[in-house]
Amino acid sequence: MFSITVRDHVMVAHSFQGEVFGPAQRLHGATFVVDATFRRTDLDADGIVVDIGLATEQLKAVLGDLNYRNLDEVFPGVNTTTEFLAKEIADRLVAAVHSGALGDGARGLAGLTVTLHESHVAWAAYEREL
Amino acid sequence: MFSITVRDHVMVAHSFQGEVFGPAQRLHGATFVVDATFRRTDLDADGIVVDIGLATEQLKAVLGDLNYRNLDEVFPGVNTTTEFLAKEIADRLVAAVHSGALGDGARGLAGLTVTLHESHVAWAAYEREL
Amino acid sequence: MFSITVRDHVMVAHSFQGEVFGPAQRLHGATFVVDATFRRTDLDADGIVVDIGLATEQLKAVLGDLNYRNLDEVFPGVNTTTEFLAKEIADRLVAAVHSGALGDGARGLAGLTVTLHESHVAWAAYEREL
Amino acid sequence: MFSITVRDHVMVAHSFQGEVFGPAQRLHGATFVVDATFRRTDLDADGIVVDIGLATEQLKAVLGDLNYRNLDEVFPGVNTTTEFLAKEIADRLVAAVHSGALGDGARGLAGLTVTLHESHVAWAAYEREL
Amino acid sequence: MFSITVRDHVMVAHSFQGEVFGPAQRLHGATFVVDATFRRTDLDADGIVVDIGLATEQLKAVLGDLNYRNLDEVFPGVNTTTEFLAKEIADRLVAAVHSGALGDGARGLAGLTVTLHESHVAWAAYEREL
Amino acid sequence: MFSITVRDHVMVAHSFQGEVFGPAQRLHGATFVVDATFRRTDLDADGIVVDIGLATEQLKAVLGDLNYRNLDEVFPGVNTTTEFLAKEIADRLVAAVHSGALGDGARGLAGLTVTLHESHVAWAAYEREL
């Protein structure tokens, strides 16, 4: 199995509902350093998993819808945990693949993992098939 | 599949028995930067894999039993290799999960990986189901 | 010249006023990974720059006043830029040194630098004498 | 499942053929920071996945054949993408395992992953069984 | 003293002349992860060292002239060592400051440091006043 | 001012004397990831600060005298703190420079900084002139 990963980041505000979150129930924020990993069983005719330029652009586009925003307004009533956001970003990247935005070759992708680093001591990931 | 990872560290002395270890047969030491990754198929009702506060506390507690110690005394007669320690820490974290120390929700965890970084150029990991 | 550095982090919301900030004028947030570097010309009698345990505690205490908060409320009318926060945290650590919270030996410190990493591609620092 | 990883690097020139590569069709270069991960179901009698000294040596030997070279000459007519190189290095390490160069115990390895970091924002990996 | 740093990267081919370079006399290449640090005694009216958006753009522009190139052609007869490139990039950023490309406020900058990471185990820097 | 830095590591056991060290008074250990930074006002005739190959070799040689050892035996009666070791390694590298082991050009070096990372959250440095 082959994979390539591209990295970008997003800076957001949000708050959580539920005692389990303790002080994070207050409005606060995070930088998420986001890694998108694309998997493929075999390389395409150019010898790549996916066009890294398009992968980088599409990750930036998906993050652009969240960047410098208060996620309490973008996702009303939702706990926008790091885990939730990893899945949301992964699903949006998969939609971009299906729309052709990562090129025709991307339709041969096997799966995707999105990892969000919320600090130097904590991160979350979501892995799915395509 | 979802996961979250928390990081902490431990500083220990130890020595190894066996020619394969070369100069590491002498008493020496290591800082292990330890990543504990908890996996779960679906998020719980709060939208999380596990309470990250409890996960951090329990990792610290497990490492606390080893920190600032000579592992030759803690595990007599055992080669406390990085691989061995990864499994030992993983198994202790699983015991903590089963005891309820990571919260009731943690009983829904699917698996666990523990990674020990012994330097900037070497690390070991142990992965198990729950 | 000797130095020691300890690292911790803080997760905050804030917004900026001024066209130069572009989309960061909206309410958003950041994880700041914070490095506090303590400098000293000579080591003290124990062979250290400062008690690393106390340095870690005091950095955590200073960050605790900001953590999981909306900085627009903590510092009304102020642009809480990464640069501003680096100075704010440095000045509070110096106050802690003067109060004796880092131990008597810390009074011999020569200077302090605080670095805030806002992402994997941007950071700011403030350096001052003691 | 256990694993150990060792890290080294290689500095090469190359160019790509195909419009998908844009400006990377020109002769350029890269530092690849290379992680070789060896997997094994159980530890051997010494409590290790593989002799880390031999693993480090063999990774250096495999990279030595590529280091400070123009890959357009080493692999004529091939797009030496990061993905391609990950597989090439993995396959050569597997050959080294089979030749006995990583020790007799290495014959019990279950699999191998090679990851090539081409920058702080992009990396590729190839994973195979042994 | 305040500073901000922005990070980007460049991928180039080159060769060196001189026995001291050993195998690096052959045509090879490197990824340089480049950190540009801007220093200023006091913050400007917006509370910043320099517009981080413009700093990021100008670093990208300076690196764009070198990216995906054979430096033996860009700088004929010159040993384009990591040290040399750190100075070259720093001097070009200073020219951009003087031209107004980093905004009027940037004219108040005190100094600049450019650091080029050539691998996980080696980097070079050049520091100058403005 | 120019600089180059090379990185290596060392794995040691030791214990400390003095209440300030708390549990670190027990025999324990550390991995120190060591960065040696060489500074020079101008580049030499080859366009370098120092021969990076020799710098790497000499750092390895200096660390080799400490690696896989119990520092309580190497430095009897001394608190081998991270700060102390940074100075010790720096002074030994300076002796290597003066002996000619880093090449004739290294005699033009202006200064040296040695940084020891003891974990992902703590490091110490010693800076001196040559």
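Every chain is named by a letter (A, B, C, D, E and F) in the order it is written, and numbering of its residues begins at 1.
As a convention for this text, contacts are C-beta pairs under 8 Å (C-beta built on N, C-alpha and C of every residue); 3 or more make two chains touch, one makes a residue touch a chain.
Bear in mind the structure is a predicted one, so any value in this text is a computation, not a measurement.
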item	value
Pair joined by more contacting C-beta pairs (E-F or A-C)	A-C
Selected from A-C, D-E or A-B, interface repeating B-D by over half of its contact pairs	A-B
Mean-CA-position distance for chain F and chain B (Å)	30
Interchain centroid distance [CA atoms averaged], chain B/chain C, Å	30
Per-residue overlap in chain D, given as positions that touch at least 2 other chains	7, 120-121
Contacting residues of chain E [partner chain F, same complex]	18, 20-22, 78-84, 86-87, 120-128
Of all residues in chain C, those that touch chain F in their complex	1-8, 43, 46-49, 51-53, 56, 103
Residues of chain B that touch chain F when the two form their complex	7, 9, 11-14, 23-24, 26-33, 67-70, 118-121
